[in-house]
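The following blocks contain the structures, represented as structure tokens.
Two complexes, one shared chain (chain A), two partners (chain B, chain C).
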Partner chain A sequence: MPATYEPIATTTLSSSATSYTFSSIPSTYTDLVLVVAGTFTNTNSGGNLRLNGDTGTNYSTTALRGTGTTVYATRSINRSFIAGNEDGSSSGPWIFIWNINNYANASTYKTVLVRASDAGAYVSETAGLWRSTSAINSITFITFDPGISSGTTLTLYGIKAA
Partner chain B sequence: MLAGNTFYDPANFISIATATGTGSSNTITFSGIPSTYKHLQIRFRVKDTENLGVRNTNILGLYFNGSTTAGTYGKHRIYGDGTSALADGSSTSQMSFSQTIICSLPDEDQIFTVGIIDIVDYASTTKNKTAKMIIGTDANFASTQYKIQLASGVWVNTDAVTSITLNISGGGNFTNTSSVALYGIKGA
Partner chain C sequence: MANTYTLISSVTVGAGGVSSISFSSIPGIYTDLCLKFSLRGNRASVYDQIYLDINGGGTAATARYVMGNGSSASSGTTGAQIALGTGSTATANTFGNGEVYFPNYAGSSYKSYSAEGVNENNGTEAHASLFGSSWSNTSAITSLLIYNNGGTISQYSTAYLYGIKNS
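Up next, the complex of A and B:
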């Protein structure tokens, strides 16, 4: 029986970085899952996603977040990335699991579901939208203040429907 | 999976079937589901054909084995609608997600409601059936009808699940661009 859920690529950062990109993603799957496990170099960092290198304000999110004492909802529109945890409040360790639905479709916008889990600080679930009909061929996990720590592991999986 | 460990290779996650909407039916059904897996996962992206000129309030639901007996399904959920974090629960005739499904307004034309549903121990003939769900919709627009939600559901019935139906309540049908994929997860 053919494999349905396959690892496409994986890496462990050997030094801190502000971003990591998976490029030349094959179009042969139905959905993608990106698992990022690690830490940030600063408590103000947040984990975000950009698709196909698009830095335009073509992203938006609807999020539910709990901090241990507070639960709240947020929405952000016309942003230049999909925010996985809305605001950085901890350096981690954390896990981001990004489910990227129907990524190879070339006629509709792309919706992403992301769970961000940091047992010491927060948990959040987010629906993100990229307003582009382009098939996704590259994915960038990015932070802005100031980096992703050495030792962080990023693994991209493909899920193939019958 | 922690930093420094090798990646997880989920070789026991198997595609069973994919179904698409027809544009003329408010249900999508998987039937004849084999009992050879331990758990099931549904991954979907769906959309409602209805376009009444306003954002609709039609919602997604799910039921098993064709059964819609009142009071045999329950769900609890937490959700965010962009402005508030909320929670509720209900006992109904199906596992209603109370999640507004994207309709076919022009400004929603390229957008879908997406979700992942895990149905645990579906082939058991001694346990009631439980499921957990993550469902989300975002449209780059400030409306409380666009939500992200985490939900748990129960079907108070010990029958093995052999068919699963997703449906739209309130109006409209699944567009022919709607797609639902069913996967089986093997146990040891």
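Up next, the complex of A and C:
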């Protein structure tokens, strides 16, 4: 059987950080999956994604989320990141599973699907768009609050269609 | 580079159905686990709740969910439930599909996991659901037991457990 789901890179943070970047991502896969499991250092932190280091307002999202009592459907446009857990309001532990499909093509804008959950706070599914035709060669998981906690694991997988 | 998405075990339910599907003696050699299932239960409804026990069920799980049924959405808290599957009054031959992802299942911290399920059946009601769950136990996950509200998981239901390595 051919190898079709391969780890590209992984890290376990040895100290808190505001971001972590996977760079020099090879273009040899069809899709990417980023799994992030861990906590934040602040109770009001969000896990976000930036692609190819683009800090422009080139991202938009549509999200469905539930808090255990209330359902929200939200949209954000012209942002500088894709929010994985909009209004998370919890330090976690969180799980983020980011699916980044057809990431290496240089013809279309890129769509991202992320499932985020914290059993104590929140569960959501978010569709994100990056308005760039560039192939994705770096992915940054970033928070704009104090930090991603030490011990958080981030693993990037590549999936081949054949 | 090695293929790291490895089938640990699978179950296909035979004639007469079963009361549960179990995976035991799960090795601790992977980083994450992924459980994929296609289930139909005998609950007299278009849907049947799907539950999961970990390591024999001695520690209860907690979860939050969000779900939609085609006309409204809701969110709540629950315990061992991981999906709304397909019940016995749903369109014949339809099975609810779902997935549960367990990061760091063999670690020494409490185990968080993420689940989702759908039970589309071309009828007047169907469901899509997301669950965020936590098992407050520091033990490595070594067994999983899937069961349903109706009490019997029907023939042709399937469950696959995969191990995922990050290196």
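Heads up, the rule we're going with is that the second predicted complex is superposed on the first by the 162 of 162 C-alpha atoms of A that agree within 3 Å, B and C clash if a C-alpha of one lies under 4 Å from a C-alpha of the other, contacts with A are read in each partner's own complex, and residues count from 1 in each chain.
Just so we're on the same page, a residue touches a chain if its C-beta (ideal position, glycine included) is under 8 Å from a C-beta of that chain, and two chains touch if they have at least 3 such contacts.
The model shown is predicted, which means the values in this text are computed figures rather than measured ones.
Under the clash rule set out above, the superposition-derived model of chain A with chain B and chain C contains a clash between the two partners.
Of the two partner chains placed around the shared chain by superposition, chain B and chain C are both touched by A:37.
When the shared chain is aligned, chain B and chain C each come close enough to touch A:153. Of the two partner chains placed around the shared chain by superposition, chain B and chain C are both touched by A:93. With both complexes placed on chain A, chain A has more residues touched by B than by the other of chain B and chain C.
In the superposition on chain A, A:4 contacts both chain B and chain C.
When the shared chain is aligned, chain C comes close enough to touch A:118, but chain B does not. Judged by the touch definition given at the top, the superposed model places A:67 against chain C, while chain B stays out of reach. Listed for chain B are the stretches 55-63, 109-117 or 127-135, of which 127-135 clashes with chain C, judged after superposition on chain A.
1, 3-5, 7, 10, 35, 37, 64-65, 71, 73, 93, 95, 115, 125, 153, 155, 157 are the residues of chain A that lie in the contact sets of both chain B and chain C, per the superposition on chain A. Residues of chain A touching chain B in their complex: 1, 3-5, 7, 10, 12, 30-31, 35, 37-39, 60-65, 71-75, 77-78, 93, 95, 99, 101-102, 107-109, 111, 113, 115, 125-129, 131, 133, 151-153, 155, 157, 159-162. In the complex of the two chains, the chain A residues touching chain C come out as 1-7, 10, 35, 37, 64-71, 73, 92-95, 97, 115-125, 153, 155, 157. Contacts from chain C toward chain A in the complex involve residues 1-5, 31-32, 61-68, 73-77, 101, 103-104, 109-110, 112-114, 116, 130-134, 164-167. Chain B makes touch with chain A in their complex at residues 1-5, 7-11, 13-18, 43, 45, 78-86, 110-116, 134, 136-142, 146-150, 177, 179, 181, 183.
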